[in-house]
Structures are given as structure tokens and as C-alpha cells.
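Structure incoming, see below.
Which chain is which? They are A, B and C, in the order written, and residues in each are numbered from 1.
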Amino acid sequence: MAGSRVWGGRRWRLTPGLLLVHDGRTLSGFETPTARPDIGGLMNRFPFAHAYSVSPKVSATAGLLLTCLILGGCGTPGSDQPEADPPPEVSTELSSDEVTLEVVAGSCDEALMQALADAFMEENPQVTIDLTLDDCTQLPANAPRLMASDDPPDLIRLSTLGTAVEDDLLTNLDPYADAYGWDQLPATQLEQLRVSDDGRTRGSGSLYGMPFGFGLTGVYYNKDKAAAIGMNEPPGTVEEFEALLAASEAAGETALMASNQDGLVAYAYQGLANQFADRDALGQWIYTAADATFDMDGTRQAAEDIQRWAEEGYFPDGVNALNQDQVLGQFIEGEGVFYYSGNWRAATLDEQMADNVGFFLMPPTDARGPQVAMSAPAGMGIPRRSDQINTAAFFLHWLQSDTARSLEVQISGLAPAGSPNQPTPEVAPGSVSEALLHAWNDLNESDGLIAFLADATPGINTSALIPEMQLLVEGKTSPEEFVSAVQDAYAQELGS
Amino acid sequence: MSPVRVSRLTGITVLVAVMAFTMLPLVSLLSAALHPQGSVPTGVAWPHDPQWGNFVDAWNAANMLTLLKSSTLIVLGVVPAALLLSALAGYGLGQLRIHGETLVLLVLLVGLTSPLEAKIIPLYYQLRDMGLLNTRWAIILPLIGLFMPFGVIWMRAHFLTVPRELSDAAKVDGAGTWRAFRHIHLPLAKPVLASLALLLFLWTWNQFLLAIVLVDDPAKRTMAGALGYFQGQYGTDIVLLSAGALVIMAPTVLVFLLLQRHFIRALLQGAIKG
Amino acid sequence: MSSALDRRHPDRAAASPDGNPAVDQGLVPPWRLRRHAAARRASTGRSRWSGWLYMMPALLVYGVFVLVPMGRTVQYSFYDWDGVGPATSVGFDNYRRVFTDPELISTIVHAFELLGFFTVIPIVVGLVVSSLVREVATGRFGTVARTTLFLPQIVPLVAAAIAWSWMYSSQGLVNQTLSLVGLDGLTRPWLSDFTWALPAVGLIGSWVMTGLCTVLFLSGMAKIDRSLYEAARVDGAGPIREFFAITLPGLRQEIGVCVMITIIAALASFDVIYASTQGGPGRATLVPGVAIFRLAFTEHQVGLASALAIVLTLLVLACVLPIQRLVAEKNP
């Protein structure tokens, strides 16, 4: 063989790698796959380490740093967002041209969204609605990215506006509010969809979304079991409610059904916090007003109570492992006396539990105190760079039509979009759907609505509320730590 | 019993035990998938009335044909290109030799050991600026790049073993490096390329993080990414979820079973030569 | 020529270890090698540059989609950026937070805890099992065994997480088995238990990695010279001595590869945790991979996420390189 010679009685060869090979086996330690049995390419991941004297660790780190420095480049990361086209002329007429509306909603809204889409397409055949569903818990976090993408949807479900307005991702709907007369609707309805001029504080200012219904929370109860523990009428104060919980637990029942894998013990928590803390201050915090803080005596006290309830065993066993669908199923099967949830479950409960389910709003601390309940518009917004803004706005207005209102109430149990002066959609008398509709109207009049804690920022739910609620219920964090952890996460996310 | 028999018996028992442990989760999935939908099965229990129809429902719910098409398109986009680029680079490094080989290898090493998380954030913004977000290219292009270190080093290892005499002979015959590559080295490298192809196919098909960050539409993701979406949708219905997971796993497992010798050999090259 | 080499060249003692044992053993003086190399280089000068041409496409794609992003991650880590609006420079603040924020530190701790499950268990079990089944893993049965053991590597990690999540659930196989053997008191929803969630997730990793290590070691064992074992037996060594004296050293390379792959899998883990616990309960299973994803894409703290990603990368390097060195050094 050319290039080989004999040394020390063995035949040596110089390979291209400048390494000596004899009998197919290298001496330098450099592995070649066929020379020495080895594990194919896996062995060759770090082939050179043997052959060089510089410590691989040093050279690799040097290589890493060098590469990164060279390629890191200067300049600030920032949005090179292409300018959006100027918004089209506001028109309240639906064009007769074929048009496709891309709609993104959460998978938990599937039934209602599909029904609404079908009904709309039937009335307006020239419009095709392309419905995409995203995971419900992930959508609030994904929404900003979807809106900022090059091909944003025409309508997107927004459970919270977050920094979408500050980052200029949404169409300002004020002109449409004027054209369609949306500002005639009760102010409290659309409050959460308004953002002030600083782009951040919600609760007032320009309108950026319209709802397909309103959620409302409160306590459902199993009528048979409630009667069994001696409940004759809904509790009038928090104290009475707690006494009923204690009675349920004593009777061997699960007192308060809740799921905490998704952190929804937060409903009960906020139900208490609404009463213990100054409602306006809490509301301002949710709307990310400047100088608002979560650190209040009321929030701490609510945390204490929840922790005490957990210790007393009012929540189901393994509550941290349960999600909302499981708990709903269990409550329908007859487990638990009370169930803190919202009107979006009303339709299912009426259907499955017929006359055995009742509803009451979370009672106040004082018998004559104002009732407060969490409510949120099931809002949809139009991304700024959508190419079908007029059509999308038309759809938003259509959500207040009688057809849409019936669907909203019947399929999902949400309080319907639109004015309370419009005819109330039909609900079965004595059903929880009816009770909820009444509660909705009452609270609108008495201004007893507040937004959800989880809607404060896009990330606060997954980053703080869910984990902290899980820790709180297990007794692994103190009420003080709970409150400060939530406030810290809030401050971090808002960059203050 | 003779010591040999005992040791053989122990060996077989241990092996069967480990195999059973390996199959356990999959068997558990199967048993869950066969229960009536909406029910909550208990552990591993063969249902009285196996609902084989659940697989059909899962197939439809997951939109399997679209998923198969999407994953196949992504694999077709990634693997041939990655193979070509790796072969070219491996040839350059292994046969042609270059100055600064150490530096190149170091640079490749950086990509090989660093976790994907270190690259995913800027990749998102980069692809957004390229206008490729939510398209299959968003998965294809970064994957080709990510596979380069492994592919190049794999092909380099092969090309190092090809004797220089071949290239020298080709040169004498007047062939340039490209002709030598195309007509001599590439055919020689076929088995190595095949092994690499199998590995890259597997890693592409099972790519998850890239898919869920860069592509929102499950119909444009990889199978693993689509399974993530499926889990988000049907997470609470364990029966449908299990059926869906099995249906989505099936293609890779089938390919593996058909080509298992090649798969395993790809990773255990040279064991026979020992 | 051989006479010149037969003489021990005076340079030999002074020559530092070349990495080339032929030189170290005094068979070839280093200067001679270098002359050969130089001669060779001269004759192939032209193709040295065409080599770069062949490398270009690969390096280009690699550079654009891997190196540039890595560089940018470093860049982002020095800013406070929400990913959409403008960014503010904050120097090393993000890194400071990574090392002082208990939540973030805990993610790193969890990653290292997972090492025990992703690396130690698979390697130990792999070694034990392959030693025991070496003789029997042959023929048809051996092929079936190898195929089965390899399945966890074929199945997407998401699917593995789903399968194991089901097994760990309140009605899953684990609790069912415990009840069957009368250990009802131990049943619990494993993935929601603050103490057991991380070990449970770790076990998923063990399941995924053990098969790979076992098959790797089996093939490695096939390469060990049988005569060594016979010699040892003649000397009176029992199976344990054999294992430590012959098998283990012989598997050095394979163990090294296994350690490498599993360490990277453990520290950079994302798929398994994301698809099973999402980091919960509380933050008991939160690992850097999931934290980075969440910080960047849910909580819109891109700078902090990038800093954590860089720290993770350095940690992986710090773990992997010494191992590689350890394994490589003792090679003949």
C-alpha cells in the first residue's frame, strides 16, 4: 500500500488525519468508525478532543463565546414591525363580495363559536368563517404573538387585553362604536374592553373589543344535599356561607367543589377578596392602573380564609389534581354540596341536573352590603393588520342580534351581548340559567361587577396565580407570601 | 441446575422483565383507548366491550391524514437537504481537508451540545421577520441547521475512512473534486447516508418544541407538535386522548418495526465488526 | 530510514505529549511527522480551499439558523424586552436574577435532580441488565428484545408523557397496582403531589433512556474480547470481579456516550415536563426548559428567558465536557 512503511515490526500508514494507523486501529486515540468498533457517529461527536492538547472545555467555551460575540451583533432587539395599512373607511354595510373571516377562539368556546359562525354564515352566505381553536389556557399568552404575526386573524378571542393596545396590535373600535351605536350600551358592560390613552390602564378610554356574551360567577348548589344539611335559603353573609360549608363537611360531603390543577380555587378566593378588600382598589389593580398593588389587607385575609377552608377539608381530595371538566362531571354525578363556577356551565347543569341545581351569588360580609361578582365580557378584538376590518366589525355587531343572543344563552349560558332592553332570550323558568340572567341584570344595575384576577396580565395566571393557589391550598405558602408572590409577578411582567 | 442454566434463566427473566416494563405504558394506553368514550377506565383492564371504533374517532378528530401529510412534507423538506449538506461538508472536511479544521469542529460542537432552548427565542423573531411563522418552513429551515453538527460530523467520520488513494486516482484521471464526489464518494457513502437519514427522519417526526413555538396551526406541525395540540383539546377525555396518542405514534412505530434492523444498526454501527 | 528511527531521537524526551502515541513511544520523532504533514499539505494545497467551498452550504444554514440565534440569545439576555415593544438595556441584571431568584434557582436544582433519573438509573440498570442478559440476547429473541427496548426512543416524548401521566393518575396503573398489593395508603395523584411529582417525572425519563443505554452496552459488550473473560475465570475471578475489571473498562466509550446523551436530555428537558405537569404542582417540576419557554412566550420576559437559556447552555457544557475528557483520557 502506498505510503506505508514498517516500523517496529508493524505496518504503519499515514491517514489523511495525520494519524498513524496500524492494522486498522489507531494509536492516537482518534476513532474512525471502521477502524475501531464503535457506535457509529455517536462516538464521533467529539472526535477531536483526543488529538489536541488544549482543554476541550476551554476551547469549547472560547469557541462559544467567540461565535456569539461575532454574531451577536450590536443594536437593540426591537420590533421592526411593518407599518400597518391605514384603517379602511368605516362602513356598516356588509359587502356582497365573497369574503373569508379568520377567527381564532379558545377550545372551551367551541360549541358556541361554531354555532354562532354557522348562524352568521346562514344569514350572510357570502361570508365564510374560518374558525381556528387554540388551547383555552394558552390562548391569552399566544394571542399577542398571533396578532403581531404577518398574517393575523380577522377576529381573535381576547380574554385579556394585556399590552396588546400598548403594542399597537388592535384596531381602535371607537369609530365603529359611533357608527353602530355601541356606546348606547350600559357602560359597565364594555368597561373591561376599554384602554386609556396611556395604552395600559384599562377600564376607560377607547374601545378595543366587543363581546359575544358575559360570564358571571357564583355558587351552584345541589338542592338535595343543601336541604339535607339544613340550608333553607341562600346564605346572606360570608359567615353564613362558611357555616354551611362546615355543616357539609360534618355531614361527610365535599363542601365546596373546585378544581385547582387549573388554579380555579381562585374563584372562591376572589369571591372573598371582592368583599374583604376595597373593590375599587382591586379593580384598579386588575386594570393595571399605575400605583395599584395587590398587597392589601383584604387580599391577605382572603388567602387566610382559603387556606383555612383547605385545612378544614372543604375542598375535594386531591384538588390540585382536578381540572374543571372533571369537577363539573363529578358535581353532576352528585358529588359535593356547593360548586363555585360561572354561568358558562349553566346550560349543561340545567340539562344534566334538571331541578336539583340552584344558584346564588357569593354573599357579602354584611347582610346589607353590596353583592359583588366576577364577570368578564367574552371579548373579541380585531387585529390592526387584519384585512377584513369592516366585515369583522359587522360580525361583532351581529353578536347582539336576537339570533345570536339566543344561542349565547342557550348553548353556553353566558349573559347575552347587547342591551338589557332587548327581549330576553328564552330560558326555562326555575333553571339556574334564569337565576343567572336575573343576577346579571341586577348586578348591572347595582354596579356590582368586577373583572377576574387572572385577566390582570396575559401571564399572571400561569406564572403566579395557578402555582401559588396550588401552594396555598397545600399549606406550602403563607397568605403573606401568596400575596407578595402575585404582586411580584405582576410587577415583573409589567416591567415596572 | 448447572450454573450456566441458572445464569441463562436469570438472563431471560431479567430481559423479559425489562421488556415488560418498557411496554407497560403503551399497554396502559391501549387499554384506556379501548374503553367507552367519556368513561374513566381504572388502570389497566381489558374492557368487556373493546371500542375499536375509538381509533377511528381519534383518527378523524386529530385529522390524521392532514397530520401525516404535514409531517411527511416536513420530513421531505428536511432530510434530503440535510443529507446533501452534510455529505458535502463531510466530504470537504474529511477528504479535501481544510485549514482551520479545529475551529470548524469547535463551532459545530457548540451547536451540538447547546440545548434547543438557547436558540428558540431568537428563532421565533427571526422567522417572524422572514414572514415564515406558522408555515412548515418555520420548522424545516431551522431543523436543517440544527442537524448540521451531527450530520457533518457523522459524514466526516465516514469520509475520513475512505482512503486518499481513491481521490488521488480520480485526480490522476482528470476528475475534479465535484466529479470525484458525485461518482465515487457519494455512492460509497450510501449506507452511511441511509443510517443518517433514518435518524434525521426520526428526530424530525418527533420534534416538539420547534413545532409548538413556531407554528400555531396543528395542521402544519410535526406529528409530535400536533399531538401536543390534541392533548390541549382532549386532555380531559383520557379515552380519546389515549386513542389519539396511539394513532399519532403509529406511523413512526410502524416504520421502526419495518426497518428496525437498520435503525438499530445505524446507531450501533460496528458492533458486528467487533 | 528505519535506522534513524530505531535510534531514540534526542528530541523525544523533550517533546511534549503529542497526542500521537507513536511519537510518545519514541517510534517516530515529531519533527518527522511534521515534515510528512508539510509535504502532504504542499501537494494538496489547492484542495484545501475547495474544501471550504463544500463546507459553505452547511455552514451557511448552520450559521443562520443556529449560530446567529445563539448570538442573539446572548444579546437579548442583556435587555429587558417584552418581545413586541422596544427593549431597554439592563446589563447583567437578568443574570443576577437567574442566580438570586429562588424560583429560577429551583428550576436549575430540579434539572440536576432529574440527572439522577435520566442518567444514573439508565446507566446503572443498563449495565446490570446487559451483564445479565449478555448470553441470552442472541438470535431471534435478541432482536425482538432490542426492538422492544428501543421503542421508548422511537415514541415521541409527548406520547411518553401522556402515557405515563395516565399511569400516574388517580385511576391509573400505578395506583391500581398499589391497591392490588394492599398498599392502598400509598395511592395518590402522583403528578399533583408536591413531593413525588419530580421523581415521577424523572421516572418517565428513566423509561425513555434505559432501553437506549441497555442496547448500547449490549453491543459494546459484544466487542469485548471473550478471551479476557476466560482468562479471568481461570484466575478465579467471580462475576462481580469480571464486571468491574473487564466489562466496565471495556464499555468506557459506550458509557461515555450514554452519559453525554442523557445529561443533555436531563438538563435541557422540555417535552416530557410540558406534556405531563407543565411545571406543577406549584413549581415542583419546573425545569429550565419549561421556564424559558414560559418566560419568553407567556410572560413576555424575553431578556430573562434568554439569560436563563445561556446559563443553561453553560451548565450543559460544564457537565458534558469534563465527562468527555474523562472518558477519552484513558483510551489507549
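In this text, a contact is a pair of C-beta atoms (placed from the backbone, for glycine too) under 8 Å apart; a residue touches a chain by one contact, two chains touch by 3 or more.
Quick caveat: nothing in here was measured; it's all calculated off a predicted structure.
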More contacts between chains, A-C or B-C: B-C
Most remote chain, CA-based centroid, reference being chain C: A
Mean-CA-position distance for chain B and chain A (Å): 33
Centre-to-centre distance between chain C and chain B (centres being mean Cα positions), rounded to whole Å: 17
Between chain C and chain A, distance of the C-alpha-averaged centres to the nearest whole Å: 36
Overlap residues in chain A, where contacts from two or more other chains coincide: 31, 37-39, 42-43, 45-46, 52, 60, 64, 67, 77, 138, 142, 145, 148
Touching two or more other chains - residues of chain B: 95, 97, 107, 110, 113-114, 124-125, 267-268, 270-271, 274
Residues of chain C touching at least two other chains: 63, 67-68, 70, 72, 76, 83, 169, 216, 219-220, 223, 297, 302, 313, 317
Residues on chain A engaged by chain B in the complex (per definition of touch): 2, 15-17, 31-48, 52, 59-60, 62-64, 67, 77, 80, 107, 132-135, 138, 142, 145-146, 148-151, 323, 325-326
Interfacial residue positions of chain B with respect to chain A in the complex: 94-95, 97, 102-103, 105-107, 109-110, 112-114, 124-125, 128-129, 131, 133-134, 150, 153-154, 156-158, 160-161, 164-165, 195-196, 216-217, 229, 232-233, 235-236, 266-271, 273-274
Footprint of chain C on chain B - complex, ascending: 7-8, 10-12, 14-15, 18-19, 21-26, 28-29, 32, 40-45, 84-86, 88-89, 91-93, 95-99, 104, 107-108, 110-111, 113-126, 141-142, 144-146, 148-149, 151-152, 177, 181, 202, 205-206, 208-209, 213, 223-224, 227-228, 231, 238, 241-242, 245, 248-249, 252-253, 256-257, 260-261, 263-264, 267-268, 270-272, 274
Chain A contact footprint on chain C (complex, rising order): 1-2, 5, 16-17, 19-22, 27-28, 33, 36-37, 40, 63, 67-68, 70-72, 74-76, 79-87, 89, 169-170, 188-189, 191-192, 194, 216, 219-220, 223, 253-254, 257, 260-261, 278-283, 294, 297-302, 313-314, 317-318, 321-322, 324-325, 328, 331-332
Chain C - residues contacting chain B, complex: 44, 47-55, 57-59, 61-70, 72-73, 76, 83, 125, 129, 132-137, 143, 145-152, 154-160, 162-164, 166-167, 169, 171-173, 175-177, 207, 210-211, 214-216, 219-220, 222-224, 264, 267-268, 270-271, 274-275, 288-289, 292-293, 296-297, 302, 305-306, 309-310, 312-313, 316-317, 320
